[in-house]
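The chains carry the letters A, B, C, D, E, F, G and H, assigned in the order they are written, with residues numbered from 1 in each.
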Amino acid sequence: MKVGILFGSRSDTDRMKGAARCLEEFDIPWEAHVLSAHRIPDELEKELARMQADGVKVFICGAGLAAHLPGVVASKTILPVIGVPISAKVNGLDALYSIVQMPKPIPVACVGIDNAYNAGMLAVQMLALGNDDLSRRLDEWRQKMRADFITDNGGGVDL
Amino acid sequence: MKVGILFGSRSDTDRMKGAARCLEEFDIPWEAHVLSAHRIPDELEKELARMQADGVKVFICGAGLAAHLPGVVASKTILPVIGVPISAKVNGLDALYSIVQMPKPIPVACVGIDNAYNAGMLAVQMLALGNDDLSRRLDEWRQKMRADFITDNGGGVDL
Amino acid sequence: MKVGILFGSRSDTDRMKGAARCLEEFDIPWEAHVLSAHRIPDELEKELARMQADGVKVFICGAGLAAHLPGVVASKTILPVIGVPISAKVNGLDALYSIVQMPKPIPVACVGIDNAYNAGMLAVQMLALGNDDLSRRLDEWRQKMRADFITDNGGGVDL
Amino acid sequence: MKVGILFGSRSDTDRMKGAARCLEEFDIPWEAHVLSAHRIPDELEKELARMQADGVKVFICGAGLAAHLPGVVASKTILPVIGVPISAKVNGLDALYSIVQMPKPIPVACVGIDNAYNAGMLAVQMLALGNDDLSRRLDEWRQKMRADFITDNGGGVDL
Amino acid sequence: MKVGILFGSRSDTDRMKGAARCLEEFDIPWEAHVLSAHRIPDELEKELARMQADGVKVFICGAGLAAHLPGVVASKTILPVIGVPISAKVNGLDALYSIVQMPKPIPVACVGIDNAYNAGMLAVQMLALGNDDLSRRLDEWRQKMRADFITDNGGGVDL
Amino acid sequence: MKVGILFGSRSDTDRMKGAARCLEEFDIPWEAHVLSAHRIPDELEKELARMQADGVKVFICGAGLAAHLPGVVASKTILPVIGVPISAKVNGLDALYSIVQMPKPIPVACVGIDNAYNAGMLAVQMLALGNDDLSRRLDEWRQKMRADFITDNGGGVDL
Amino acid sequence: MKVGILFGSRSDTDRMKGAARCLEEFDIPWEAHVLSAHRIPDELEKELARMQADGVKVFICGAGLAAHLPGVVASKTILPVIGVPISAKVNGLDALYSIVQMPKPIPVACVGIDNAYNAGMLAVQMLALGNDDLSRRLDEWRQKMRADFITDNGGGVDL
Amino acid sequence: MKVGILFGSRSDTDRMKGAARCLEEFDIPWEAHVLSAHRIPDELEKELARMQADGVKVFICGAGLAAHLPGVVASKTILPVIGVPISAKVNGLDALYSIVQMPKPIPVACVGIDNAYNAGMLAVQMLALGNDDLSRRLDEWRQKMRADFITDNGGGVDL
């Protein structure tokens, strides 16, 4: 059980870290690669096959501009693909539309602009579907998150 | 193994049918309910608990305008929640933003505007993660879809 | 007579100060809390009940991204709820839509993006409805504001 | 205790009916006028004074395009002003911005595009602040609305 | 023959300088004032009357957010009013819509976002309509501008 | 004293009628032509020269899509050019931007999307600058418009 | 010398006819196919190879929603690819962004939303680069278009 | 065989460098000029004629705001014109629309906002149509780009 994190340019590395940090909170192994839907379509296919053979169950794909990577990956696998729109121009709306508006019957599960952390969390939720231990840990994590939130924010704020 | 389809207004019924049709192609049972994040928050919570007890593993939530239902459901379950933005005003951008821009650490898996079919397909992909039979059938479905596409569209089009 | 100021993240503290400053110009007490529609839904409900018991008559809720907090609060109280869209992504349009486009029959009174001061003023206007003294002070404030504006800006500007 | 409903063009009459229907559910009297911020500024001022003398406590103003009416009314009264953006061009975004983005210190309480019903409800909530009977009836209305919603929508939907 | 330059906040002073600089290139006198459509509606009216008595023939009005000033001025004079949308939020689209979308029959002549210089030039063109000397100077200015452009930019650029 | 009404396609004829109707209310002669910035640039220039020789003092130019006609006309005359964005795609925003965002030092006076009537009125205001009789008639028209508005809309509306 | 016209769904057939009509005006042969970047990626590649072997020199690709087809084709050929955004949701902005915002170093030559005719014309211009006869015919076509425009539109329009 | 690079303001020089760099990778000569559709329409025409006489086969035109330069150039030549929207206001959407939405029958080949490099590459692709040597070099470049991408990005990334 592993998550594959893919993105189209080394310059997006910092934006994608949140996904890895989230997965590590749940001890879920990941591997990350810079791949390109347009530059190396054949290598992309080979890498996807290898990663699936190596136990990858969910893909997280970050992309900016005309962000085709998530959709192209989704067309080459039956595993769920989570897309992270990365903002570069027009506030990231180009990437958002290019990811979320995937036509029938190839969906991408889109999360918020630059929100790689939520992509990681969504992957955890998917993996927990068939994994009682992870499901239990996710439940505990949620409860701890709530308790921490109350501890951190209880008692009012001074404005 | 079941999918819960939720939406906020009976008038959205037609827009959500695609999700059910897709699930039926894979013999995945579903149940659908009109629920409201704002009108009946307590009943919402009870229904979510009951549905999970009845075997629901993934939620599909359709909503328009300030489309809070998917996010509110996501805050009350650790199961994956798929959001379908329904267009009513401003071309559905209000619903899209209200669903896809969920803040850390509660994601919603957003699909395209009015694209309930893709929400169904994404649910199938998630359920196939822990289910080899469904995974095999999804793979076959993809191959048949491809063959049908070629049969239907081979040989050129007259313009 | 008190105003409850709520927002979803400690990092929004600075953006919400304008509401407090405005209320203080009218000697209206306020209390502020970091609460979350999605992280701690149960605690949110308890806090709202407590605040109303403590005399809160109007809620001001600031939120960014998929800004559900104002709408969720509005669904749990019959008091007026004022929403402040906080800009984080897409120039704050995501928060604006998530707040202003609330469906029937649960309204939120939305003010401008990042304009917490106006939220405070709107709360003052609401509270003045049943309070002749406050109404008189608001009227005087408006007159003084006008006089100050003329004093500050009379006589032309050099460009 | 009365609500003044104002709008800029007789052609907007149908779009504003929701406000009156909502107020009537709570037996709150209203009067409606076609007034224009730009065509008859002096008459506008006189009408506002007369309406306030006649017991108007909240104004609901609907406007489309460069929708100045709500803001102009707000600048001439200390009563709360609720703005309804009416869609005519660019999906109503012109009216939304012209209403919600009012600068300091003159707020307008903006509701959703073409959502006059919610404007009525917001007026009810404001009037209930200083009126225990109305507050009680609003509370009962909410409970009945919830019960009706459950009656209407219980038991699942067929897709 | 004079141009009145009006804007709503002293903080917009720098953005409006271009209008004055352009008018000075044609020796057209101007006077500038910080006025507010919403804060001091009565004083606004008095100032407009005084300025017209002092020879103002065209108004240039800059405003941001819900930019009502140009439209309000236009409703109080039959002189042409030129509007300059000033960017503060949402890239200045709020101001653009609030100015350009003025309804029938009160137009505002809108120029580009933050483009006060072009507002000055448009005022020059209007004033030249009834003034042969200014018309001749404007024609010469255009020719000189063209010649300068060629001098400055002839011969290619190194990239 | 005449107004030249230009637009890029015969199919826009209906959208431009408002300009002619407005001018006729003030007995201002007009002539209208279908011209194209891109298809017949040389003929455009000749026509502009002829129209100016025939007494045209203001140009009104309607255009849709990448609406270059108003800006191209403005670059070829020192007379004021009024632009009418005509909606064809993306709600007319393409035409709005192509007209209103003209760079320094060639302005176009932009009015609202599809609002040819206001373009006519703006032309009247410009022509009235050097014409006391027209100025007086415009003033009377405004007063009559106000009186008519009050007659038509006095006494409240039934919702 | 031939043009390949590709689009993702048989339902887009009518929107793409303009490209064929334009090419036929210049006696340029074309062939059209319904292909899908996501459904049949392998077949897409084979068809592209076959078409290039059959003499296709330019590709015109129409697509809606997350319109990946033009970019995917561009990644698989060194021939120029012209993209036509087809409007289905959000006024076609999703398709526009998905096509025009292609990242370095794989461009798509994007034309206007639903403007397949212009895609055909751009293909003609590209093919004319290395073809003096076509270049001459294109030049004549332009001159005839201009003459026809003047014939059709000379003499003024009645409004 | 040469490419003409045109843009409207010396301040855009840096944004256009990418086009030159790309052309130099293929040893394609270029010349660049600051020209203006609106300021010097006659000189523009002369320069275009001279450049074509000097062997220019493709034009690349960068422009911001109401970006008319690419369309105006396209109306004056039958050579392909590539447009680069340059962002200055509203995230470059004004320039994008003004370029990509060119009406029938004068297309501009639009690339991404501020993406001059892709404009250069598109010019290379067009020139390669009638040039087997360039076509071969472009093919090799693509292969090397792919190999370099794999070399640079092989083996995974650390997040």
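By our rule, a residue touches a chain if its C-beta (ideal position, glycine included) is under 8 Å from a C-beta of that chain, and two chains touch if they have at least 3 such contacts.
These numbers come from a predicted model, not from an experiment.
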Pair sharing more residue contacts (C-beta pairs) when A-H is set against C-D: C-D
Intercentroid distance (Cα basis), chain C paired with chain A, Å: 35
Chain centre separation (chain C, chain H; CA means) in Å: 49
Distance from chain H to chain B - Cα centre to Cα centre, in angstrom: 43
Residues of chain C whose C-beta touches two or more other chains: 39, 65-66, 89-91, 93, 100-103, 105-106, 112-113, 145
Pairwise chain contacts under the document criterion: A-B, A-C, A-G, A-H, B-C, B-D, B-G, C-D, C-E, D-E, D-F, E-F, E-H, F-G, F-H, G-H
Complex interface listing, chain D residues touching chain F: 5, 10, 13, 16-17, 19-21, 30-36, 39-40, 43, 65-66, 89-91
In the complex, chain A residues that touch chain C: 87, 91-93, 112-114, 145-146, 149-150, 152-153, 156-159
Chain G residues touching chain A - in the complex, by the definition given at the top: 8-9, 37-39, 41, 64-66, 68, 71-72, 74-76, 89-90, 93-94, 97-103, 105-106
Chain G residues within the chain H interface of the complex: 18, 22, 57-58, 78-80, 82, 96, 100-113, 115, 117-119, 121-122, 125-131, 135, 138-139, 142, 145
